[in-house]
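Next come two complexes, and both contain subunit A; in the first it sits with subunit B, in the second with subunit C.
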Partner chain A sequence: MILRIARKEMTEMVRDGRFRAAGAIVFTLLAGALLLGWQHYREVSAQHAAAQKATRDQWLRQGKKNPHSAAHYGVYAFKPKVPLTMVDRGTDPYTGVAVWLEAHKQNEFKYRPAQDATAVQRFGELTGATVLQLLVPLLIVLLTFNAFSGERELGTLRQLRSLGVSQTDLARGKALGVAGALGLLLVPAALIGVVALTAASGQTDMIASAPRMAWMTLSYLLYFAAFVGISLAVSASAPSSRSALIVLLGFWMFNGLIAPRAASDIAKAVRPAPSAFQFAQGIGKALQGDGHNSASARGKRLEAELLKKYNVDKVEALPITLTGARLQDGEEHGNQVFDAAYSDLWKTFGEQEGVHRAVSVFAPALAVRSTSMAFAGADFPQHAHFAQAAEEYRRMIQRVMNEDIMKNAGSTGVYMAGGDLWRKVPPFSYTAPDAGWVLARQSPSLAILALWCAAAGVAAMWASRRVQVY
Partner chain B sequence: MLEANALAKSYNGTTALHPLNLSIEPGEIFCLLGANGAGKTTTINLFLNFIPPTAGTAKIGGLDVVQQPLESKRLLAYIPEQVMLYKNLTGIENLEYFTSLARGSHTKAELLGFLEEAGLARADADKRVAAYSKGMRQKVGIAIAIAKKARALLLDEPTSGLDPKASNEFSELLKKLSGQGAAILMATHDLFRAKETGTRVGIMKHGHLVAQYATSELGHADLERIYLEHMHD
Partner chain C sequence: MLGTLMKYEWRNLSADRAPLAVALVLGAAIAYGAFNGSGWVRFQRGAISEALSEERERLHGLRTEIPAVESGSKTVSAFADPRLPQSLGRSMGTRYAVMPPAALGSLAIGQSDLYPYYFRVSTSSKETFINNDEIENPVHLLAGRFDLAFVFLYLYPLVILAFSYNIVSAEKESGTLALTLSQPVSLSRVVLAKILPRALFVLALSVLLSVVGVIIGGADLAAEGALWRLLLWAGVTAAYGAFWFALAIAVNALGRGSATNAMMLADAWLLLVIVIPSVLNVAVKAAYPVPSRVELIQAIRVAGDESTRQGSQLLARYLEDHPELAPPSSKPGGPPDFGTLQVAVNEATERKVQPVLAAFDAQLANQQRMVDRFRYLSPAIVAQAAFNDLAGSSAHRYQHFLTQVGAFHGQWREFFVPRILKKEKLSAADLDKLPAFTFREEATAAVTGRVAVAFAGLLIPLLLAGASALTALRRYPVAG
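Coming up: the complex of A and B.
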């Protein structure tokens, strides 16, 4: 019975010129966005691979120089592009994808397209995520706003009722019918996506992204199902198709346009993050008195500690080179400062994320946005995970350089090291967290989506039971 | 087959139907006459459980329509003034959909047979109903009733606006169905058809069933005279 209703709903929709036009537009945009994403991914990952190789070559071929100069020369670390970012670029345009790892400083990320973008572009960028989060729900609204009210207005609802069709069966059948019609659009689009993913990343990477893709798909399915339920519930309880459409468009705008904006404003107001300038200034203040300056109190304390450790009475008698020890001490002091500053900053960002999650209780778009970018590998926690790995690599380089100075520089003349030392630093390699890591962080958002879906389903059943034929 | 016991309906203190007692047996065609707003449609809607009664009960084949809304409907077919169909589906697709929702399962040949029985031209069965005339829609409605083997028919001015030939064909179909044992309740303004087709007529006024006659007792002229007398305040 339900299947029969679903089949008829689908037949009707497919024969309806409006659905065909709207469906063609959404499909074209979605497929276009995926292909653009694919192209972007290919370009960026090629650039990334080339740049990663170039920075490594430069490091290895920097010739003979003092290890500390090499540390200042530094290397770049590039955030690997996860294939699924072709669907959702997440925060990458804002957080950047490359960082310069040099002595003394934990740098900010570079290559942030959003820096060069105008405000209008915030609305303009076409990604799969935009289409899925904004346009597909709009299509659902347009397909279902008159599901019940339209049949009542037309009079077919009376005929259905006179046949002894249960109202909830009707609601279930209609839900399934919309699902089928959407499937006609989304399944081919998803196939294009999978093919593009495989083409871009190769089969092994594709298999590795499968769990992320499955979770991402699940979160979108929950989101769409919630929209179908809400639309059916509104259509069943609204006095007319007109009012159902107005209510649903209102909700769509609140959900997709107003709530996300409001959430970031609220988050900024409740948990303000420092501006980049303030943040840099704060670190500058905390760093005062670094390892180059032996006159500082810290320098003296270091000397005293070293004399005691090696049981000698003057600096000249130390078996190690003091400059190296001072540099490493300065690094360690800096590291403490950076750790404190960044953990404060990231804590603030985490709290802002909490505000977004709270708002997503009222607007499922925020929840699906969060899960989508997270499973795509482009949310802030995964950015922080990479930043952490890059920073550890930076600290390792500094340690290797400084220990070499301690051991080999001696106390006179200019010390130079060469390729052997540079090769002691392994190339930077980074493994992104697996789907389980993301899932653990995204379970609240997934739960909110599941809750929306369940509540919308209950509302649709409840409202369909109360539909009046007049 | 169709039975009303002190069936009444009022809206916010305005009475649409005063307690009505009525029983229609298989093979009977009961025609409800009366001005607009006299309570004819209200009566039919109460039998369909589209609106809840304020008092009394309506039963179809002994099943209370409020207590057993889905079961009681399996016995009946409903043909409104305009049989409304899904315009993007063809006549036969509409029939197939409606009959399958009524838990029927028919082959295409059977469905075509029902449409033919209802008088729809074979060529029209595969056209989308957006292009159908009212008469063609009513025929699909009849075909649904035939396919469902309905034992009770509720008809709300089904022939208003039909041309005389179509109206005549419709009446013939009703007679055939009643001959097969269906109990039929029809609201109509067509006194001539009521006399021709009906076995009994009832005249409604301000929510009261004011008079009932067997059509065999009346001539055409009598029915019109009696009707106008009742309408006269």
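Coming up: the complex of A and C.
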């Protein structure tokens, strides 16, 4: 029975001109967005790969230099693009693309792509994620708002009842019908996506991103199912199709447009991040240090330690060059300062994310936004993961340079090192976290989506059992 | 007749709870938007005042440090000598160039959360201080903010549509339309009488509430041009609202039922506010792709490396071009000092990078031109641009700021470079002569000019919708 209802619903929808029109628009936008995403991914990843190679060449070919000059010259780290960003670019347009790794300083990422766009960007970017998070739910609403109320208004609900069709079967059948109609749109779009993904990233990368893609697909399916359930529940309990439509459109607005913005503002109010100025001032003060932590105090302590360690009584007798030890000591002090400052900042961002998650209990769009960009590899935690890897690479460069100074610089004249030393620094390589890493962080959001889905299903069943036939 | 009709329509409306509900929803949204906008303005003001007080304290410290170094009571390393123009101009004595939030800044956060609003200008190249981005959770930049501009661009049209989607169809469905039209009155007049009280109510409410919001938000209405801009804001709001009312009538005039009207208007809203802007954004980026910043980084680095290698040659060439700047005691062949070399190296690097940077500016300008040309496709884009302009959070004002920063950077170098080359030492008294930055607000006339174009962009669709409504109303199937 359920299947028969589903087939009838699906046939009716597919034959309906409005569904065809809306479906064609959504499909075109989705396919277009995916292709644009594919092109964007290919361009940007080629650029970044080329730049990463160029910065390495520059490092190797910097000629004869004092190692500390080389450390100041440094290298750049360019954030690689992951293939699934063709579906969801997440926060990528709003985080910088590159960071300069130089001596003494953990720099901020610079050049946010959105700065190189017009204000129209702020209406939202046309990506697969926008279509899936905003437009597909609207399509669901338009397909289902009159599922029950429409039958009642036509008088067909009474007929169905007289035939002995159970209300819950009707609800299940209608849900399946909508799912089938949506499947007609989304399955081909997903296939286009998979083909584009394979073309963009090659087969091996494609297989590597399969778990991420599976989780992303699951979160969207939960999200759509929740919307189908909500729509059916509202349609069954609303007094008329009109009021069902108004309630559902209101919810769609709140879910997709109001809640994300309101969540940003609430998160900023509840867990304010420092201004860039305060952040930099804080780091500056901490780097200078005070009392036992000041540069001169640290210098004295270091000298004493070294004299004791090598069992000599004056600096000149040390078997190592003091300058190198001083530089490394400064780096280590700096590392502590930067670790403290950035972990504070990232903790604040994490707490802000917690506020978003709390709001997602009322608006599933926030939950699916979070899981989608996380599995795409374009959320802030993964940006921070890359930033952390780049910073560790920076620290390694400093250590190699300073140890070389300690060992080889001697105490007189200007010390110069060359290609041999530069080659001691291995090229920067970064492995993005795997799906399990993301899953561990996203399980609350996935749970919220699952809850939404379950609650909407229960509500739909409950409401369909109580639907007014007249 | 019109007056009588309007009076009854208003009575009808007041008996309904709709206006009260509208007032509450719109009022709450506007209050929340104004609160958020003013919070952002306060944040910016706070950061600016901290920066300026840091500068004041630093310069104050130098005033006592310089005499101390001069008299020999304090010894410093050559790099930290506050008397040397290269250390003073590069870091120790640098000053901030600040763009304070505009008088109506709390109305629209716009692009202001994406662009820096203060720079610490130094003698180094512009690229060293221009990336002074504010710290912000990128998710917030992605989602956008709940400010007044959001309320007006997205929610206000929906309130208007909820108020007017069935303005004719409901009367027809309840049978009162034929009855009313049996009186000596035309349908257009009836519609006008029905729409005017609603329009006046919504427009007056939103203008009033946003003015109240602005004032509570701490806007400086005494600032030059602020009242005029507020007036323009009200005008843009009214024109944008009027467009949506006209669209509702035009759709009603097609003679369909209330449910179909609601659906069509919701589609129109979706198309104009969500789909067209995001498609335009994609089209603009595809038509005028901005060169890669990653390649810019490389270009700057390559140019810098080259210039550093050619250092002393560059200096010789530079001094040939500027013989007046040659140090008095320069012995030919002697090694130039670090500060002097740096001047020549910076100059050469910037000359080489200039074409790359120009390519960015040119593409961005092309993008903006294309947006300007195609924004008429959607009144929402037109209104967004006007709101950002009036609130001073547009790319235009930021460019205006950047131009001034560029000029100030030049001034700063003009002060220090000759002193560096002549190996002068500065005294505490010289600190009073340091160039200072004062932001000159965009000319009200320039803003007015751009907003006037926006008015045209709103009035044309308004007139089109109105005209099509009038023609269709003449053929309206009253009984059928």
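What we mean here is this: the second predicted complex is superposed on the first by the 456 of 470 C-alpha atoms of A that agree within 3 Å, B and C clash if a C-alpha of one lies under 4 Å from a C-alpha of the other, contacts with A are read in each partner's own complex, and residues count from 1 in each chain.
Heads up, the rule we're going with is that a contact is a pair of C-beta atoms (placed from the backbone, for glycine too) under 8 Å apart; a residue touches a chain by one contact, two chains touch by 3 or more.
The model shown is predicted, which means the values in this text are computed figures rather than measured ones.
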{"item": "Subunit B versus subunit C as contact partner of A:Val312, first or second or both or neither", "value": "neither"}
{"item": "Partner chain in contact with A:Ala304 - subunit B first, subunit C second, else both or neither", "value": "neither"}
{"item": "First (subunit B), second (subunit C), both or neither touched by A:Ile207", "value": "neither"}
{"item": "A:Val187 touches, of subunit B and subunit C: first, second, both or neither?", "value": "neither"}
{"item": "Touched partner set for A:Thr11, first subunit B, second subunit C, both or neither", "value": "first"}
{"item": "Partner, of subunit C and subunit B, that touches more residues belonging to subunit A", "value": "C"}
{"item": "Subunit B versus subunit C as contact partner of A:Ile258, first or second or both or neither", "value": "second"}
{"item": "Contacts of A:Ala447 with subunit B and subunit C, given as first, second, both or neither", "value": "neither"}
{"item": "Contact residues of subunit A, present in both the subunit B and the subunit C interface", "value": "none"}
{"item": "Footprint of subunit A on subunit C - complex, ascending", "value": "32, 36, 39, 43, 46-47, 50-51, 54, 110-111, 114-115, 118, 131-146, 150, 154-155, 158, 162, 258-259, 262-263, 266, 270, 273-275, 277-282, 284-286, 290, 292-298, 301-302, 305, 360, 364, 367-368, 371, 375, 380-381, 384-385, 388, 394-395"}
{"item": "Residues on subunit A engaged by subunit B in the complex (per definition of touch)", "value": "1, 4-5, 8, 11-12, 15-16, 154-156, 158-166, 468-470"}
{"item": "Partner subunit A, residues of subunit B touching it in the complex", "value": "48, 50-51, 69-74, 76-78, 80, 82-86, 88-89, 93, 97-98, 100-103, 148, 154"}
{"item": "Touch list for subunit A against partner subunit C, complex", "value": "25, 29, 32, 36, 44, 47-48, 51, 54-55, 58, 62, 76, 78, 90-91, 93-98, 108, 110-126, 130, 134-135, 138, 142, 241-242, 245-246, 249, 253, 257-258, 260-265, 267-269, 273-279, 281, 345, 349, 352-353, 356, 379-380, 383"}
